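Paired with chain B in one complex and with chain C in the other, chain A is shared by the two complexes that follow.
The block that comes next holds the complex of A and B.
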């Protein structure tokens, strides 16, 4: 929260509290120690660098990384490069900034330093890239697999066209209330990172994709592709790979009802398989 | 590029505007290459909270599209050209229906119809919403349609590519773009018959704002430096209610007030009681008192100035700090539920539960009304370069009404897409290589110069100083001496930029390199904004000069057009289209 003192209004319009780093003026001698697993390119070897940054209240991990960019020098005084990482919205809605923070998959922009430094406020923080996706550089990873999976389950409503066809069918609030939470998925891939089944051996699509398939099956017009979606989720890598560890639902930053979605879709996939068996 | 084959269109930017354009082109049989810095699903549009306007009149209030038209023009203090505004508001209801058909989980009434909430600058329930995450839901719906076209081979995505400049042919017409791969750092040109720029806002010029990190305005500035007009750059919306923060100003949407949220400060500035325990009679609801008809839902420029005055002139900020209360704690749980998305943001980042205690907020830079100059077909003055969304200037005049941006993005994309197709079909074959080799060489030379620079200036520090100067002199209240100071400062920063030093010279996923290239463009754009503000000696919408407190229609009912001449902004003025509604005084106080 801003802490700047009141400014004289004359000729100095907007409070500099909005542009400056107000808490700077209150900075104590406390520092934040942060160790970051770095890797210059997909092929190069990883190494850890440690930084010490002056403590300010209310920092998040992304502002910590911004602070390093201003002065990229390690704790031993070695000049280095700013850290590469993905971030855009800084308010946990774009899904860009997932990483391992103190070993846990979290969104960096909503991870507050004060909460991460332990009860005494002196604990060190560690940052590392997500472990199940190819590293691009430092904390940035390639998560395009999720977008590919969304294509496989046809996660869209196949509208006839964009011309004016009048209103959509009515939809009771109860249906909207079921669909909206699923539609909140920010494609952060944390559910995939924490899933024991999400690995090359199983080829599991992961919880997010299954939840999106359910979302579109629930849409009155989207339901027309329901059989296609269910077939895409049948067999190897599909919904059957889930081992119900429940890690996903606990880690999801947007609290999607993932286990419910997986079990609903598991049932629907089974029904579809039976149907397909008898109509073939 | 031969026009006889399928037209090839490049769309730069995958927010609501860009995706809307892509969908129209793919639907009409064109081929699209879609470029975006971030995966399009992570574009800034995802942040929009409150909703999207359209006069569907589902609440028995007698709302209609002409009232929406009038509210928009009046809210924009008559600076917007009226023809496109009229078309946009007329298409509003059909656009909402389309989004509904695409599966956007809009909130519903018990009968299953779309629900609407109130927003600023209107007396009607005109804003369709999906909880408090409307932008996310709309962006996803369009993203899904584009994914469908992608899987059908009609759209090719270039995510993680940054637009650097347009490739211009022998007659100055668009023949392609030059872009940089943000992983391999390769710079390359791509051919096309027309390009649509949908690169969003430019909040980063102010350091901290409610915008996302990539909203630098860099692409618009690059085009301005290549000869495009940039219009009304001085009109920057400062949103009244944002959470002051370390790294960014997190918005508390106008929907909080639309659902009944109230803005107040303690009547006694020495009142030290906890907000929740201050009785009704000891609270000063200054907006409701001064604007009995619109109350907390006056347009943003007005609410922002009032909060600013309460804090700096009346010295009534909470605890003497630049903050006032935004209170939703008295609302019913059902209403609070509709605001869940934003209340969660407050709880997460501040730590207090806004369902129980009033939020502490202050204005923050939010939106640019100005942008690339376009004609009514969304084409810039560079033939074949179109623009739409927050990146163009066309709809919002001197002040944007809440929930009108999402509509203008979709409208703009829907107009730009088909027009770019028509243009491309009629385009004669290019001469020579269409300017590709020359543009590639120019960009590569800029890259080399930056990498070889042995200076001492840290780009992030230059950026911080730019943000401080712009926030101080070019936001809520503007004075000519301050604007002169800002211009001198930017010139100094441009000078220091020549001495910039990259601590990272590697050629793989080098984010500071890309940022440093953007920074130059931010500096050039900041100059044109300040110059436009300096010359406009009046007050209109978001542009407020205490030394010139009145709107001066005779001299300034004009669009500001900046062009880049001899390395500096040159300002000319253009008549505004007022063919439907005669300008009248803008007064929200009367009851």
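The block that comes next holds the complex of A and C.
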């Protein structure tokens, strides 16, 4: 491929790859092998299909899936359908393309093929849907449990009234600085996927929702719903189900301080429960 | 505005997979937090007391017997034993198993330190549970009864540890229990919001590791006293039988081979 030889030597300052091995810059007949766990509908059985894509440097998983869509033929020459998956922004901000890449939960847009192929650049890549959410089709899963959870903890600022409520209370920059990292959540559900406690037996709410409850509790206007949020988080599947494996904070693609949020909410929920016990 | 309220949105009857939070419902919060608390108070407190008491064995069978006699002479000792040891321990163990079987450990996929600790907390919990069941049965509820015969305590443990397999079980259980306790204290502080910050959690982790290692070392040294050659073949009983409500003094002349010989040389 001529594009490969043209692109590879150009090292822009934006490039994150530190050193391109000579093997990678050479335009050869290298291919990318990718095995994808597919299923046509929520009820149908899953099966794995393998594809072989001509190598191009600096690909991500989304562009790889795009290549397959251009020519959806498996490695054995069987014509098949393009892969279904959720994607939107392609820059790790919409949170829709989370999937299991080489067995680990990652965002398809920020997962780089060159890294995933291993040090020798010949490793096969496996893709599968997130394992803890119902599959819709192929790599697309139904993550509405997160939306339901956010509604349960009232993760919003109540500003609707029948009249003008006036300007919001002042928010100090110190509070803003604490809140900002939490506002980076993209609802990708990776924190829930990697959590050993998030499963059908516990019905654990997951780190993202707990962090959002903290975000809105710290909002000067949103704090009015703080007791409601804390009571919700003491329900079955609430903050108590966290066993602090800390996988959430390790896996979060946006580096949210999730364990800190869980710890803080653990204290606030406890204080609220004690207060309710004596005063309600 | 007279129209009927809009129909409530369907509460996702088709939502499969993990169910949403049951906001404000159920009592698992109380039971889970109680489990966390009982691990510290009273069980953690008892673990420390137990290891410190056992360390008295370093000073010989008579000193060990004195410690056993002192503990069994505490007011309402049988009430204390059930209310602060057996019942909390049984609750912590059974609810702990309930927690463990509902978790889906994935340390094979995500081999991170915190995830390993999550896994090990469950493994050490199972080890401690299995060990404590046999330990309580064999040392407290079968064989010679130590509340009435504190003088027989040293020999009873010595006979137990005479079996190398049993000794190995005791060592493994000591390490597992201390790990479970030390990490449990760390978890307690993290979950109850005492150490929310990353730095606070890391520093407290070092503190817990130091305390856990120290406790384990103390326990193992205390355990060594029973297999220490200088107390080989300890007398079967070094004290008069204790009557209910009366704590009889130790014999004024210590029975042979019942005191620390190195301490005796000093005198």
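Following the convention adopted for this analysis, the second predicted complex is superposed on the first by the 244 of 280 C-alpha atoms of A that agree within 3 Å, B and C clash if a C-alpha of one lies under 4 Å from a C-alpha of the other, contacts with A are read in each partner's own complex, and residues count from 1 in each chain.
As a working rule, contacts are C-beta pairs under 8 Å (C-beta built on N, C-alpha and C of every residue); 3 or more make two chains touch, one makes a residue touch a chain.
Note that the structure is a prediction, hence the values are computed from the model and not measured.
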Touching partner for A:189 - first (chain B), second (chain C), both, neither: neither
Chain B versus chain C as contact partner of A:272, first or second or both or neither: neither
Which of chain B and chain C A:201 touches, first, second, both or neither: second
Contacts of A:242 with chain B and chain C, given as first, second, both or neither: second
Partner chain in contact with A:217 - chain B first, chain C second, else both or neither: neither
If touched residues of chain A are counted for chain B and for chain C, the larger one: B
Which of chain B and chain C A:153 touches, first, second, both or neither: second
Footprint overlap on chain A, where chain B in one structure and chain C in the other make contact: 144
Of all residues in chain A, those that touch chain B in their complex: 1-9, 11-23, 40-41, 56, 58-60, 62-63, 66, 69-72, 79-82, 84, 86-96, 110, 112, 136-137, 140, 144, 147, 150-151, 154-159, 161-162, 164-168, 170-173, 175-176, 179-180, 183-184, 186-187, 216, 219, 221-222
Chain C residues within the chain A interface of the complex: 12, 15-26, 28-29, 32-33, 99, 101-106, 109-110, 112-115, 117-118, 121, 187, 190-198, 201
For the chain B and chain A complex, residues of the former touching the latter: 23-24, 27, 38-39, 41-44, 46-47, 94, 97-98, 100-103, 105-114, 130-131, 133, 136-137, 140-141, 144-145, 147-148, 150-151, 183, 206-208, 212-214, 238, 243-250, 308, 311-313, 315, 317, 320-323, 345, 348-350, 360, 362-365, 414, 458, 460-461, 464, 467-468, 470-473, 475-479, 481-482, 503-504, 506, 508-512
Partner chain C, residues of chain A touching it in the complex: 42, 103-104, 132-134, 142, 144-145, 148-149, 152-153, 192, 194, 196-205, 209, 231-238, 240-247, 250-251, 257, 259-260, 262-270, 273
